[in-house]
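Letters A, B, C, D and E mark the chains as written, and numbering starts fresh at 1 in each.
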């Protein structure tokens, strides 16, 4: 195999594409092959083992989970470098022809969870319209398109919105650990939440043609389509570069890529590719990844990351 | 020497063999012997005896070389490198050896690796030399042997015909192998799937949510593999497609065969056929970007609630794609109704419409039904349109304005990117594939029987 | 004889031909059926037209590429003529930009300004210099693409009247762009790059070359395998095989294969070629193999039909003068059937060219910025390239996706036209 | 036999034909037989190609007229002019006039659909519709509104089958498909189907050429019976058959009508050399 | 020409074969003509259905033998047994023996391809290859290696066309497609093609039924000339034709050979009632 193989998150995909292209242009080496498989799907292939049959790099729109790390280890993929690339806002958006909403995480939980608390009891989600949740919300059917479980965006959404939202419900908080997790994390499957696949752009296009639907995807897609889409404000803040960078927009998440160190020195160009990907021109402030919607790291943090990437420092096992 | 050059050399040798054999036969003939076969066939015989075995050797060699050399190189590695290492690591070591062998050295490789790389290179050289030697030896041996068999009584033509016949047979077997391959690859994975999910609960279960948690600590869908809603979605969308395609296809066929003059027909027919030639991914775009919003707008203006990925949009567009299947089959079937039946009806004073409705259509019905069944199986198996335009949510609904999902959509979403073969989620795709294969098989067999019976009636 | 007298005579003695209400009804039914036929055809053709028109009209912006021309200094001291590859071309471009817009000084503004121009200008400049080292030391008028936002702005894809927070381009950038227009530095030549470039992350650079090469390789393999094998199989089944249960089975089987959903062939390719034989993922050779399995039945069926259409009298004639069966087939039947066979083959290949689903399963939907140099290298194909572009957020890809579809359709129409031409041209009367 | 009386009339017609084309179509009394069909100067073109040249002939009512001649001479073409079946062939055009009971059937006012209801036709190959025997017969009456489904229709079906001499053979299986009958039965079914719409004239184009000798004999017998009620024109390639069933015969050659005469006279004493050659097997 | 030399060799092969098959090859004199083809007890089955029943017949050399009989009686079937054309029909099986020059052609050692080179065949519809006239004729000699392309081949082509009486009509357009000739010319081209491989026997299956009278006359004339050199078997549906061209005739009925006799005798004084009925037009 002459080419570097990159898999993973659809959110990181554009960044990997950009780095891969730059790498090929700069070095004249064969162009890396980048496939978009979703964070979880990517992890699964990445951790499948060491050898030319397995990819070298995987992108992730959330940190590697312990379970995934264990999968890797059990398949002999023990030496992994974790590279924190930067941040991405998680946005919920609607067509410009649609109705802008300002939602709280609690309301989002109520709209999207499988079971919700009504009068202190956990019941199957009864809300069909936004106005069922709060009369001040519009009287339209809830219709939200989002990614499937293989997607890091989905994990991040669950973690940053659903988990937070469900904290507002005493009865759920009172549940034991497993039941609590179950209640907080399970998305509803009765229609209002639509698993729309890994293709964020298809969600965008559907939103354009369907002004009553809302979509969940990475901020970069919103950024590219801001003339057609408007963000949903969450807790009163709409996502934009400033609000994400300064942290006032709460639903942003770190994005990563992972390098299989056993492949360094074996797969031609892998080291150079990682160097390119982590260079200042790429992930630094004003780098070309920023143009694609990445919110860059602070300088000191970046230096650390760059060093780890260069030295092939192995990541520790993630905490639970 | 590359395999291509080698094959060219073998080709040249065969050409030479042809001339040699033909020349020999010519000599025999001039010597007054009555040849059984003409000299050219003696030539062909020598050429085939020379080229075929050599060609086979090259092919098998190419197929086997890599893994044989890999094994030898690995076997030669010192124990401390290969000891207790699982297979995937070994492939990595191999690829490192190959990198080094190709002169791409990173860092400082283990001396054993460098040595292995050298060995690899020399093996590679030996192997390619050996391939050349073996191939040429086989070619020449075949040629000489064949040449020695030539005689006036030698039935060269029958021999050559026999060899060619075997080549033809092997080709037809390839088509069978494809089916076997499909069935095997589906069945093996399906067995693995059905060992986790009982067949009955797959076939009759009402709940489909295969996007299971892919990690232990994730909460996703519980992993229900009841495929009824998926089957329903497939049937529903296909039905919508047929609802569009059947009348349009049938009426256009009727018009083209019975009413249109030849000029119109010669323009319209190829135009209609273009519809079947447009790649389905293009229809997919057409569905999501043009038709779905149109339906939605229209529905909303009527106060209806239309899903953005409605079954109607996907099915309707699929119907458009299928129109030519129906129209050309109906066209053939109606044209194939013997003129005598038309004459019979006209002679009784029937109008054109009466003749068509009451005589031609009933007579052509078996052919039309055959075409319709084929079109249905096309609709059931159609992928890209539904992948792009239909939903992912398995839903049992009769409302065409809601989204449904289909077998093919599920196969694609379950398989793209993620190629691990151990989770029921991935295996479910093969289970679905098997069902899909079997159902289109059944439809095709029925269609074939119908068409066949119909043919028998009129020939 | 005069018409009138006949008619008069007829009217006197015969009334049977007077049409009654019933006859009128019958004719009305006839008219209706005819009308349905016309309506059906108009519907089908209308849909075809809508489809083609919507796609073609979205593709229009991609016909041209907005280019900008800058005067770039190539100082001899900054470029090593022996090794022109290593120089810092980004700096030359930046300098040229800075000379044009001297008022831009903050890094932030400079960055915004640079966003108007394609980020690969430096590589294009580099390649130009490597090609023509005599440029070193002079100032050249260098023409290169605007970036996607510049392109969109120029073509009206971005509405400059929208409030700032609804467009991707800042007021400053619009101002700079206007200056470039004023100075006549903007041109919109035909977008050759769409055909000659490989895929890129940047719409202004993305082209179909890689996909075309990938499709070419895949089709080549597909042709090399399915054509000879398909014809041989068909010849065997039609001309040689005894007609018995087995050959019936094979026939049913092949007809069935022709209708097996393409996605199932993808599953087969995944299981057999990738997992069993360990062939490389995303490689055109695997795509070609999968497509050839798909095309094989089409070719077999078309060939059999063509063979069937050769009148038996030709076979009898050949056998009657003492040709063997193989000679009969090779000398007479195949040549006569060839037009039909070729038509079938072209149509089969056209289908293969447009096929997407199986290629998705074998990974031919990856992002690869270079055309493959062999059929073993990863690559995309035309339809999968369309699939990828469709999923890219940049606005420029919307029109390029449609343009790619138009290119694909163009190839298909050509192939079909060739098929129709052959059918017409070689239609023989025996 | 009354047949012989026609000799004078036909002799006259022949003379007319021989003299010149484009003459007035008088209603010539042919002995006791009135003229049912009078063709005057009929020419037929398939596209550019002329298939029939100025055919002028009178066909008497309630007799059997046979058209004979070598293959391709235009027998079928002329037959199909009589019920305007040629209208269904795009490239076919007809000039001249054909009067049936004095009405020009090529007049614009004549509706071919109604015309064909009056002129039945039976074809070379039996062509029953792929429907039941009953439906085959009832189809014509139904589309023309002669009878509603019910006892009235049953009666028509029975009468027609009886007249075609098929009733006894099929009365117990009227619901079975007509295509399941033997060839001879099928041909009689087709004749019954033609009779069912109550025509005046029955045209038959080589009705026996696809039948075996026994079936042929049955159909010939039937034709003989039918001529009591119907005017019958039959095309045949077999002179033996013409001799057996027809009272008058017309010989066509290369698109021209060469000779019309009483069958017996023509076969024993033809007036034209070409007829003579054909009959004696010099060609054909 | 070397072509002719092969006849001895093939004769040798055939003799050997006949002996090994355990057949005594008598040479029966049929009047002044030796027996060229001797069929003994030949039955033919198409699958289950028997199409020919125990046909035993001797066909004399250098004469024309006509097979007549109603449609479907098995004339073609028997004809196609003689050059083993029936081998190409899967479901067809033949029992009994057919000796040509004393050698059993159904012996396993006989290569049907070589047999067919010795027994030419001409079909009902002229079926020239869609190639040039020259290539039509030269095809047979080429595949049998009788001649190389060049003057030798030119000679064969010319001789064959001359014998078929076509040379003068086509000598200036040998490179034009054979399909462009008129029907009669095409049929003579097919005869020339059969002659070109230098056969002993020519089988003709209704060779004139697709031709017009003039072309028919020409072909019949040709047949008359050819019988000086070749043994000819012709199937015809026209008794007149049989009378014109053949010396002997065989009448088939329902798969049985009813009567073989000199043509004249059979037509004037048939010995079997069925023959009588057929000839007098009682059926068929």
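As a working rule, contacts are C-beta pairs under 8 Å (C-beta built on N, C-alpha and C of every residue); 3 or more make two chains touch, one makes a residue touch a chain.
Quantities reported herein were computed from a predicted structural model and do not represent experimental measurements.
Asker: Just tell me the minimum hop count from subunit A to subunit D, counting one hop per pair of touching chains.
Answerer: Step count on the best path from subunit A to subunit D: 2.
Asker: Would you pick out the chains that touch subunit A and also touch subunit E?
Answerer: The common neighbours are B, C.
Asker: What are the two chains with the top count of C-beta contact pairs?
Answerer: Maximum number of inter-chain contact pairs occurs for B-C.
Asker: Among the chains, which has its CA centre at the largest distance from subunit D's?
Answerer: Measuring from the centre of subunit D, the most distant chain centre belongs to A.
Asker: Can you name the chain whose C-alpha mean lies closest to the mean of all the C-alpha atoms?
Answerer: The chain sitting closest to the overall C-alpha centre is B.
Asker: Between subunit B and subunit D, what distance separates the C-alpha centroids? Give it in angstrom.
Answerer: Centres of subunit B and subunit D (C-alpha means) sit 57 Å apart.
Asker: In angstrom, rounded to a whole number, how far apart do the mean CA points of subunit B and subunit C lie?
Answerer: 20
Asker: Per the centroid of Cα atoms for each chain, what is the distance between subunit D and subunit E, given in Å?
Answerer: Roughly 40 Å, centre to centre.
Asker: At which residue positions does subunit C touch at least two other chains?
Answerer: 26, 324-325, 365, 390
Asker: Scan subunit E for residues touching two or more other chains and write them down.
Answerer: If we look for residues of subunit E contacting two or more partner chains, we find 113, 143-144.
Asker: Hunt down the residues of subunit B that sit against at least two other chains at once, touch-wise.
Answerer: Only 157-158, 289, 351, 354, 416, 419 qualify.
Asker: How about subunit D: which of its residues touch subunit B in the complex?
Answerer: 83, 85, 88, 90, 113-117, 120-121, 123, 125, 127-131, 139-140, 143-144, 179, 190, 193-194, 197
Asker: Which subunit E residues qualify as touching subunit B in the complex?
Answerer: For this pair, the touching residues of subunit E are 5-6, 9, 111, 113, 143-145.
Asker: Write out the stretch or stretches of subunit C touching subunit E in their complex.
Answerer: Checking each residue of subunit C against subunit E gives 242-243, 311, 313-325, 327, 331-332, 336, 428-430.
Asker: Per the contact definition, I'd like the list of subunit B residues that touch subunit C in the complex.
Answerer: Interface residues on subunit B, with respect to subunit C: 157-158, 160-161, 164-165, 167-172, 174-176, 178-179, 181-182, 185-186, 188-189, 247-252, 254-256, 259-260, 268, 270-275, 277-283, 285-286, 289-290, 320, 323, 327, 351-354, 356-357, 374, 377-378, 380-384, 387, 408, 411-412, 415-416, 419, 421, 429-430, 433, 436-437, 440-441, 443-445, 448.
Asker: Residues of subunit B touching subunit E in their complex?
Answerer: 29, 34-39, 155, 157-158
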